[in-house]
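Following this message is one structure expressed as C-alpha cells.
Letters A, B, C and D mark the chains in the order given here, with residues in each chain numbered from 1 onward.
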Amino acid sequence: MTPLASYLIVAALLFSIGLAGALTRRNAILVLIGIELMLNAANLNLIAFWRYGPHPEALTGMMFAIFSIAVAAAEAAVGLGLVISIHRHAHTTDLDAMNRMKG
Amino acid sequence: MSIAFYLIAALTVAGGLAAVLLKNTVHCALALTVAFAGLALFFLQLDAQFAGFAQILVYIGAVAILVVFAILLTRGSETPKDGVFSRNWLAGLVIAAGVFAVLGWAVLQSVSVLPHETAAPTVTVLQIGNALMRRYVLPLEIVALLLTAALIGAVIVAMHEKEGAR
Amino acid sequence: MLGEGILKGLSETIKNFAGSFVSAERLTTVQYPEQRIAPIEATRDFPFLVYDGADWEAGMRCVACQICEKECPPKCIYIVKSTDKKPDAVGKPQFYPARFDIDISVCMSCQICVEVCPFEAIKMDTEFELSTTDRFGGLLLDRKQLAKSDEYYHRIHPTEADEVDACLAHGKAKTDAKTTAAAIASAVRGAETPARPVEGGV
Amino acid sequence: MIETLDQIFVLLQHWLMGLLPAGLQPAAGVVLGVVAIVCLFPALFALTTVFERKGLARIQNRIGPNRVGPLGILQPIADGIKSLTKEDIVPLSADAAVHFLAPLLMVVMVFMGFAVLPMGRNMVLVDMDAGLLFFFAMGASTELSVFMAGWSSRNKYSLLGAMRAVAQMISYEVPLLMSSVAVVMIAGSLSLTKIVDAQNHYTWGLPHWYIFTPWGLAGFLTFAVAATAETNRSPFDLPEGESELVAGYHTEYSGFKFALFFLGEYLAMFSISGLGTTLFLGGWSAPFSFLGWVPSWFWFFSKMMLSIFVFIWMRGTLPRLRQDQLMNFAWKFVLPLTLVNLMIAVLWRFLGEGWQRWVFCSAILLFAYAGMGLAGMRRGHFGPRRYRYAE
C-alpha cells in the first residue's frame, strides 16, 4: 500500500466515525463534535493529497486546509452559539426531544 | 509505512472513537482533543508544519475550549438517563458503515494509480505568506469576512434572549 | 493621566524594597525566637491563680467558690471543692480547691472568670509559648501549673496589680474597721451591761 | 577565549555528542538539549520561588524566609521535600484519570515552548521556521489542562477558578498574539532566531531592539500586560483569588501534583518572559555594542530574570482586578490598542527612514492610548472602583 492510500484510509475511517457520531448521538454538542471530526478528516485528505500530489510547491492543498481550519473555527463558534441558544429556549440539548417546528 | 504512522493513526482513531462513544460529554470533548492532536501530528509528518501548528492553535486552543464551555453552559456533563444514543442509532451506524465501505473501496481500487513516495517539499512560512497575499488573497478576504460575520453572529445568537428578557 | 497610579504604586514599592536593605528601622518584623518584643501591659491570654506568700498551696487566694466555673462560657474550668478548711494567708480558715483544672485548648481568653472572682484569685497571664506535643494532657493545666505568685502578677500587670492591692487593702481595712468597731461596741456594751452575752461581732 | 565562553554550552554538547557513534549523534544532540532545559529551568524555578518570597517581603518591609540555610537560600529544598512527602489526596468523586493527567499535561506543554526560544548565539533546541506559531500553539494547549484540573476535581471553587482562568487566558491570548504579529511584520519571519538577528545590530553603540521604537514600546507594554494575564500572575490572578476561590483550579491538588502545577505556572512565566525578551528586547544581544564580549546566554538570562523581577514587583504593588474590569480591560483597551499598533507598524515600515515616522507613529499611538483610556475611564469600564450603594 502506498503512503497516500494509508492516509486516505485513516481519513476515511475518521470521517465515518465522525459521521456515525453525528448521526447516532442525542446531544447536540456531540453531533457538533462528530461534524468537527469529519471536517478534520477532510483536512487530512487535503494535506495528504498536497504532499503526494504532482505539484506540492503550488501549495493548493495546504491553503485549502488552512482555510478549512479557519472556516471550521467559525462553524464551531456559530454552532455552539446555536446550541446554547437552543438550550436556553428549550432547556435541553437532546435532539430527539426537539421534534417540533414551533418554538 | 513507518511505526510512527501506525502509532499516530492508532492514537487518532482511538481518540475519534472515544469522542463519539464515551458516555460523559466532557470526556468526549477531551477525547476529541486527542484526535485533534493526532491529526496535528499527521500534518507534521506530512511536512505541513504551518498547518499542523495552526491545527493545534485553532482546534485545541480554541474549538476544544469552546466545546467544553458549551458543555458546561448547557449542563451537558450530566449523563442523560435514557441513553446517550438517539432512537434511530442503527440507521446512523449503517449509513456511516456504508460511507466507510464506499470510501475504502474507492481508495483500495485506486491504489495502483496513486503516486508513490515523493520528495518532501520544503515549504517556508514566507512562501505561505506570499501565496496568501498574492494568489489566495480573495479567499483570504472572504474568510476574514466570514470570520467577522461568524463572530457577530455567534454573539447575537448566544446573547439574544438575555437582551430580550432585560 | 492613565496609568499614573500604577507608576506611583510601583515607585512606592521599589522605595520600600531598596529602603529595607539600607535602613533597619524600616523593618517592621523581629526575628522572633532570638528577638522578642516585650508584651504590652494589657496583654492577656489564659488565666492563672494568684497566691500570696512563698508557699503556693497555702497562699492560694482561691476559696473554691466555683463562680468562675459556672460563669465560664466554654466551660473549660473544673473545680473540686475541698471538704475541710485550711487557714489562708491571713490565718482565716477557708475552703480551698482540691482540684482546679483549666483546659487551655478550650479557653477563649474572655476574662469573664477574672471579672466575676470576688477574691481577686484568678488573673490573666501573658505566657503564650504553651505548645506541646501532647494535645490533650499537655494543654490541661492543673492547679500547681496554674499557681503563680503575687510578685509575678505585679511584674506582668503592674498597674492592674496595684489597683487590686489597693482594693484588697481597702476591703481588709473595712473588715478590720468593722471587727474592731464591733469589738469596741461589744466591749462598751459589755461594760454597761455585763450580764448580757456578747452579740455576734461581724 | 571570548568565542569559547560564548559558545561553551554548544561546544559541550558537541563534545558529548562526539563520544557517541555517528548514527546516534543527532538524537543524542536533541536529548542533551532537552535534558539541559529540563534541568535548568526547574532549578531556576526553585531559585525564583525563594527570591520572590524575599522580594515580596522586602517590598512589605519584612526580611522573608531566612531559616533554612544561609539567608534562607535552601528554602526551596525544604519546600520540595515537604511537597514530595505529603499525602497525595484525590477526592472521592473526582475523575481520577483526568485529575491525574491535568498537571502532567500542563508541565509538558509549558516545557515544549522552551524548544524554540534562542537562549544564546546558536543555542536553540529546534530552529523552526514557524517557531512563534509553535510557541503559541503550545501555550494554547495549557488552557485545556487548566480546564481539566478544574473540572475533574468536582469542586465548585475549582470549576469556577478554571472557568475564570480559561476565559481570561482566551481573552488575553488575542492581544498577546496581536502584539507579537507587529514584530513578525517588521522582522518578516516567524522564526525566533531570525527575529533576534533582525534586532542584533547597532548604530552609535546602541542596539536596534524593537522596544526602542514607538510601535515596539506599545507592543511590548501590551505584550507585558497580556503575558501577565496569560500566566495568571497578580494583578490578574483572579483564577487563584484566595479570598474568593480558596486556590482556584488547584484547590483539590496536594503533594507532588500541586508542586507540578506550581512548577508549570513558573515555567510559563519563564517561557513568556523569554519570548518577550526575544521579540522586543533583542533576545541574546548585548545592550551596548562595547559589551559584545559578554557571553550571549548571559544577556538572555539576565533579561529574562529582569522581567521576572518586574513580575514580582507588580505582584507586590497592584491589587487584584475584578472579573468585569479584567474583561473590559482586555477587550476594550488592550485589544484595540494592539490593533492600532499593527497599523502603526505598517506605517513605520512604509514611511521609510527619517524623523517623520518617529513623530507620526508616536503621536498616533499617544492619541489612541489617551483617547481610548479616557473614554473607557469615563464609561467606567476600568479605573477606580465606584460603589452604587455605599460611599
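One rule holds for everything that comes next: a contact is a pair of C-beta atoms (placed from the backbone, for glycine too) under 8 Å apart; a residue touches a chain by one contact, two chains touch by 3 or more.
What you are looking at is a predicted structure, and each value in this text was computed from that prediction instead of being measured.
A.B. asks: By mean C-alpha position, what chain is farthest away from chain C?
C.D. replies: It is A.
A.B. asks: Considering only C-beta pairs in contact, identify the chain pair with the most of them.
C.D. replies: A-B
A.B. asks: Could you give the separation in Å between the centres of chain A and chain C, each centre being the mean of its C-alpha atoms?
C.D. replies: Distance between chain centres: 79 Å.
A.B. asks: Just the number, please: Cα centre separation of chain A and chain D in whole Å.
C.D. replies: Chain centres of chain A and chain D, defined by C-alpha means, are spaced 34 Å apart.
A.B. asks: Could you work out how far the Cα centre of chain B sits from that of chain C, in whole Å?
C.D. replies: For chain B versus chain C, the centre distance works out to 76 Å.
A.B. asks: Averaging only over C-alpha atoms, locate the centres of chain C and chain D and give their separation in whole Å.
C.D. replies: Spacing between the chain centres: roughly 58 Å.
A.B. asks: For chain A, jot down the residues that touch at least 2 other chains.
C.D. replies: none
A.B. asks: Tell me the shape of the graph of touching chains, choosing from line, ring, star, complete and other.
C.D. replies: line
A.B. asks: So which chains actually touch one another? I want all the pairs, not just one.
C.D. replies: A-B, B-D, C-D
A.B. asks: Hey, which residues of chain B end up touching chain D in the complex?
C.D. replies: That would be residues 26-27, 30, 33, 49-50, 53-54, 56-57, 60-62, 64-65, 68-69, 72, 77, 124-126 of chain B.
A.B. asks: If you look only at chain B, which of its residues touch chain A in the complex?
C.D. replies: Its residues touching chain A are 1, 5, 9, 12-13, 16-17, 19-20, 25, 28-29, 32, 35-36, 39, 42-43, 46-48, 50-51, 54-55, 58-59, 62-63, 66-67, 69-71, 73-76, 80, 83-87, 89, 91-93, 95-97, 99-100, 103-104, 107-108, 110-111, 114-118, 120-121, 123, 127-128, 131-132, 136, 139-140, 143, 146-147, 149-151, 153-155, 157-158, 160-162.
A.B. asks: Which residues of chain D touch chain B in the complex?
C.D. replies: So the residues of chain D in touch with chain B come to 95, 98, 128-130, 133-134, 136-141, 143-144, 147-148, 151, 159, 163, 166, 170, 173, 188-191.
A.B. asks: Help me check something: in the complex, which residues belonging to chain A touch chain B?
C.D. replies: 1-10, 12-27, 29-30, 32-34, 36-37, 40, 43-44, 47-48, 50-54, 56-57, 59, 62-63, 65-67, 69-78, 80-85, 87-89, 93-96
A.B. asks: Touching residues of chain D toward chain C in the complex: what are they?
C.D. replies: The contact residues of chain D facing chain C are 55, 58-63, 66, 313-314, 316-318, 369-370, 373-374, 377.
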